[in-house]
Amino acid sequence: MNSTLIFQSLISGVMMGSVYALLGVGFSLTWGVMKVINVAHAAFGLLAAFFAYTVFHRYGIDPVVSLVLSVPFLFFLGCALYRFLLIRITSARAVIVSSMILTFGVAIILENLALLLWGADPRLFTTSYTSKVIIVGPFYFQYPPVIGFVMSVVGISSIYLFLKRTYVGKAVRAAWQQPEASQLCGINLGRISAITFGLAVASAGAGGVGMGLLYSFEPHSHNLWLIYLFLVVIVGGVGNVLGTAMAGLIIGVITGLSMAFLPYQWVNLLTFGLLMVILVVKPQGLFQSEV
Amino acid sequence: MTAILSGHDIEKSFGGLKALSKFNFEVMPGEIVGLIGPNGSGKTTLFNVISGLVRPDSGKIAFEGSEITRKPPHAISSLGIARTFQIVRPLRDLDLIDNVAIAVVYGRNEIFDMREARGKALETLEFSGLAHKAYSYPGELAIEDLKRLEVARALASNPRVLLLDEVFAGLNPKEISGAIELVFRIRETYGLSIVMIEHVMKAIMTACSRVIALHHGVKLADAQPREVANHPEVIRAYLGVEYAGN
Amino acid sequence: MLEIKEISVSYQRHCALADVSMTVEQGDFVALIGSNGAGKSTLINSVSGLTKISKGSILFQGETISGLSPDLIASLGLIQVPEGRKLFPLMSVEENLEIGAYLPDPRKMYARNLGKMFEMFPRLKERRKQSAGSLSGGEQQMLAIARALMAQPILLMLDEPSLGLAPIVTQEIFKILRELNDEGLTILLVSQEVLQSLKISRRGYLLENGSVNLTGASGDLLKDVRVKESYLGL
Amino acid sequence: MRRALLRKNASTLLLFGLSLFLVATAGPLFASQPIVIGGSLPLTGEFAETGKLIEKGMKFWAEEINAKGGLLGRPVEFKIYDDESNVGKAVTYAEKAITVDKVDLLFGGYPGTAARAVMPVAEKHKFVYVSMGGHMKSFEQGYTFSFGAPPLMGEWWYEGFFQWMETIPADQRPKKAAVYTMNNPVGSSLTGSIQKWTKQLGIEVVIDEKYNLPLPDATPLIMKAKQLNCDMLFANGFFGDGVMMIRAAKALDYNPKAILQGIGSVVPAWIKELGKDGDYVFSGTSLFNKLNFPGNDKLNAYARKEFNIDGYPLYFGFGYAWMQALAQGVEGAKSLDQTKIRDWLKTNKIETIAGPMTFDEKGLPAPINFCTQIINGQVELVWPLNVRTAEPVYPKPAWK
Amino acid sequence: MAIALIGLVAFPLFGPPVYFISFVFWVFLYVCLSSSWNLIGGYAGYLSFGHVAFFGIGAYATAMIGKIFGLSITMTLLATIPAGVISSFIAIIVGYPCLRLRGPYFAVITLCFSFVSQLTVKNLEFLGGADGLWLKSMDVPVLVNRTIFYELMLFLTVLTVWVSYLVGRSRFGAGLRAIKEDEEVAQTMAINAPRLKIMAFALSAFFPGIAGGIYACYLSYIHPDVVFDVNMSILQVLMALFGGASSWVGPVVGAVSLTLVNEGLSTFVKAELARIIYGLLFIIVIVFMPNGILEFFSRKRRKIER
């Protein structure tokens, strides 16, 4: 085993993990803040990826640029989903379970809508930079993962800054920590929740396009992505934005290292096995839950 | 007479905060002991330590002569130590009779059949004045009845020692009188020892044979109710300077 | 300024408030006393919109506010300091104050009000970067009050501000409330600390079993034996 | 009391619902005049893409045969269920088609796992089942009613390529091979012939690894192959992982003499989505749209009209060919008697768009050993020589 | 009740098309799976999202026992019982660390467990690896074959539902309910929560283990992708919650209604649309009956009573 291979594995693992984190951050937020496990989260990402694909092929607009259109759309879609559906189950005894069933329904609908609209064929983003690389010494940095990584850094840090620096973001955190007291401070819980959910769904859009840069996608791909979502969120600590980012990196490192040292056959098994161990040893994730 | 329940040098801190320090206590069979002190003085922590929900940092707790310090909560309660919770924690999806029947069937009653247990539960509910609401759900009850349910559930396991955590809080004077009467009846009927955390002084004064006062995890006094009530340090800590002068 | 007209509140089948009426005038300092569970918190939460009333109406500056959502009521200048403080524990002292000034008008005055708060509570200034959860009980209560003041209340309602505090701290807080009232702020105080709250307030209401049993000038209530009976249960 | 009441109601409700349902679905019991061909395809879920192509091929066949006056003088009609890419459902829908809809004929399913599970059902009900079969092992279970016409055998996938490789002077052959195989039935069926042939041709297998889908990242795999100077790459995967390998190879400027691909490159998406990067990949097939067999022209014309692509997609062809085989069995036996159809198929030669074929006792034709290569965005047949549509491009040009 | 049962037992004897036997076999399978899931997921409130692992383990254990000892298919069917035991045993081992987690964390760790077991089977050649395993098929006429599996599954399902019913009204079940409501309070009521949870988990793994074995013989071919299918895990959870997870009736109602609806949709509606309607159904049900169908109706009744 040589060091170039190990480091190359690590580099691409980390970039891959960062995109998982981007896809996962909104999922983590709704789970942590609103106690809603949005099983349709990845399906929304997929929707953005399909949209980006169409826009790219019709008008030659770059998939990443297409986010300018799809992110606001998903934001409103998310707000609407909260306003009209999720709000009805917030009084259920087990919000988490109910939300999972509800969003499971949403995911089925989205998947099959995509099937109707785009067909079942697998799709790829084939842009001018798809096979470009930056070569640093013996290492290769492919453009798509690098762009995914940059998107992830920008996306996650803007969500982080939004929560830490803006008034609305602070209101989101306040509403999570003390729903009642935040209302007494004049915060409209319904609106803040809708914004949070919209934001999360919008971030799924960015994550979906990021995933599209790395992998091919089909209407059912979101099921697979969802598993990665659970991975990053659990490792990173539910509701913890920076934790999610760290978790993405950790999972990337684990995948990278196991690809370098193990027969490939055992890589996926190791990832899930390790996650089980992490869960047993540190049930609340490696990082404290915090919004 | 030897103590039925005793603690020796119990220490517990959360983070930097000392909730209990070098705390000693004894409860004699058939005794009603009051536990008073301002909020955050460590009373509930003591209950949590005794019932096994919280592990003490050091110290020993003995029940009927044998040590129970590191036993899991279910083992401790199956020995015969039952408790109530300050903030009521009924099993919300079950009706009252089932709430109590579960305690019966897992308690020291030699009853293992749920139907039989429900019969016994009904008795306990009747004793606690809840028989007419046996098939209601906790969500439909007022706070007074929920407190009674807590007590009924603890009683149903047929304990030797009963730990009551602020059973009177939130009750009006009439209800308090009723609750005190219930406490007396419990001791008479079941002949068990009771430790009660209480803020309502009237209850403490009338019900307890002995009162332990706590402040910041330290024992301030351990004596007859009247004595403790007049203990200057207790008054300062618990009732406030104003009262001391009033 | 605040008019509560024969409101009733019931949880499930339990009646928490029955036909309660009370008024708070401009510049007034009203103490609402009564033993635990008498319905004081329910009353104040009904005013804030956290609890739905089943009967009656609540008017604030002549406008009906019953049925409005809590955030709308807060935006009218009716600010509550909730029981148990309910700070945002993972946020810093300063951020807590920022959320206090969340509404548009107070937000414009944020910088000025922040200075005022730090003047009034120098301890908070020292700990401005610290998370609210790490403060001591007294500091937390001060922060809770400061947070409410940041919203530039027209009527400030406090629910058990002395709960779990050392007597000295309680005195300090009550002193601040007195000063605020002297500066012209209308205050509605809910407290179990009968003696102290009656001492600093102008008028008092005694709530018992969900209804008003006694009302009058605080000085008179202080002397009334019925208060002692009700509260101490003697 | 309340509990007991509830219990009683629930069970009656349940029974009522069940019986209602049975009555509702038992409607189509009365067979109608047309010949009904039934079964299930994965129209939604994981394998929807392929399922839909097969469905289109089958429907095109029906259109055509109905225009010609039908089968045995009767029009044909499909009863297609969506098994949601679920094997268990495929099995029950096969049974539903046979026993409830009383279909006259059963059509073949997809993917291999489903086909394998349906084969014993077809056998039990004595229904001729023509499908791709998945791989050799499913034809070794002693089923007499199952046919692969044509089959898609992993075992044969690279035969044509190696046969062609044999014709190349030894010094021009690759020296070292990297074999990456997905860990599933399709993948493992590919590896046998690779081992046999590489040994025979003196190619050293330097890397032989399996991976489980989904492959998280292909970069390390390609880097390793590059470092070990493998001048031959076997990417025995599906579409997603196949694409990742190609892209990583290009990014890392890895230029083996030949890249061989598993299933991925036979779907239209390969050319459509990958563009130029998908060029020069070798694959195998048992069916090809440029073969000079009767019918292919029509299908290609149809594909151009309907899908706007040159040459019909592989699975579209499969759907069509399986129906062709079944229809010839029916016409040969002049009956819808399944045993007669089977016996006729076992003893006679049939003509399909994949060429003429006869079946052995397992239900398989002689090994089919076409080798394809993608050249300039077109799938070309490079082996056998007599049907070649283009010269293979070898060694593969360096990435641009 | 008894009449209904006799009706179900006798159903194949009326000679319905084989499909109906198979379809009802599937209904039974799902009733069995969701009812046994309900022991841990519904009664104790521990949502296991990887319960298909036990189904798969049972299927593979049965197939392997049959293979190793060269058993005939009839004997292999008997091997489902040790397969159930093996599946329970694995549940105990896995449950010990996993049951310390709660809520969604438990859901995720069990999900991981199902992936781990699926990938393990795939990677181990002696378990057939990625090729899967063939079992001997029964050399009897189709109708007889399907009837045998039907009756076996019926028996197992009735057994499962009966056990679920018994547990529901027993001391054990009461303890599980207390754990679901408030584990800490349950502990102070002398309920040995860790042990009860393990027991419930093991019991809830036993029936799927047997069901997996029967299924393996029914299909006569098993593959990790088929018997460890995560969709099956999710479906059994949804069925139980859909019906209402707090009693034994809920999973039965949920499994039957969802299977029927799904079948009806597949029969009468175009593929994608059928799925979309299916998705809408989940939304509608959860919005209007957040605690399951059963509770929706029983609560309604209670409101009227009052």
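First chain written, first letter: the chains are A, B, C, D and E, and each begins at residue 1.
Here is the rule we go by: contacts are C-beta pairs under 8 Å (C-beta built on N, C-alpha and C of every residue); 3 or more make two chains touch, one makes a residue touch a chain.
Computed from a predicted structure; not experimentally measured.
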Smallest number of touch links from chain B to reach chain E?
1
Let me spell it out: compute each chain's centre from its C-alpha atoms, then which one is farthest from chain B's centre?
D
With chain centres taken as the means of their Cα atoms, state the distance from chain B to chain D in Å.
72
List the centre-to-centre spacing of chain A and chain C in whole Å, with centres computed as mean CA coordinates.
43
Distance from the CA centroid of chain B to that of chain C, rounded to the nearest Å?
32
From the C-alpha centre of chain A to that of chain D, how far is it in Å?
34
Touching two or more other chains in chain C are residues none
Give the residues of chain E that touch two or more other chains, as numbers and ranges in rising order.
119, 123, 272, 275
Numbers and ranges of chain D residues touching at least 2 other chains:
44, 183, 210, 212
In the complex, go through chain D and note every residue touching chain A.
44-46, 48-49, 51-52, 85, 180, 183, 209-212, 214-217, 219-221, 223-224, 227, 239-240, 243-244, 247-248, 250-253, 267-269, 272-275, 277, 399
Going by the contact rule at the top, pick out the chain A residues touching chain D in the complex.
2, 4-5, 8-9, 12-13, 16, 112, 115, 119-124, 126, 130-133, 140, 142, 144, 215-216, 218-220, 224, 255-256, 259-260, 263-265, 267-269, 271
Chain C residues within the chain A interface of the complex
48-50, 69-72, 74-75, 79-80, 82, 86-91, 95, 98-100, 102-103, 107, 147-148, 151
Footprint of chain E on chain B - complex, ascending:
51-53, 72-75, 77-78, 82-83, 85, 89, 91-94, 98, 101-103, 105-108, 112-114, 117, 153, 157
Would you mind writing out the residues of chain A in touch with chain E in their complex?
31, 37, 85, 88-89, 91-93, 96-98, 101-102, 104-109, 111-113, 115-116, 223, 227, 230, 234, 238, 265-266, 268-269, 272-273, 275-276, 279-280, 283-284
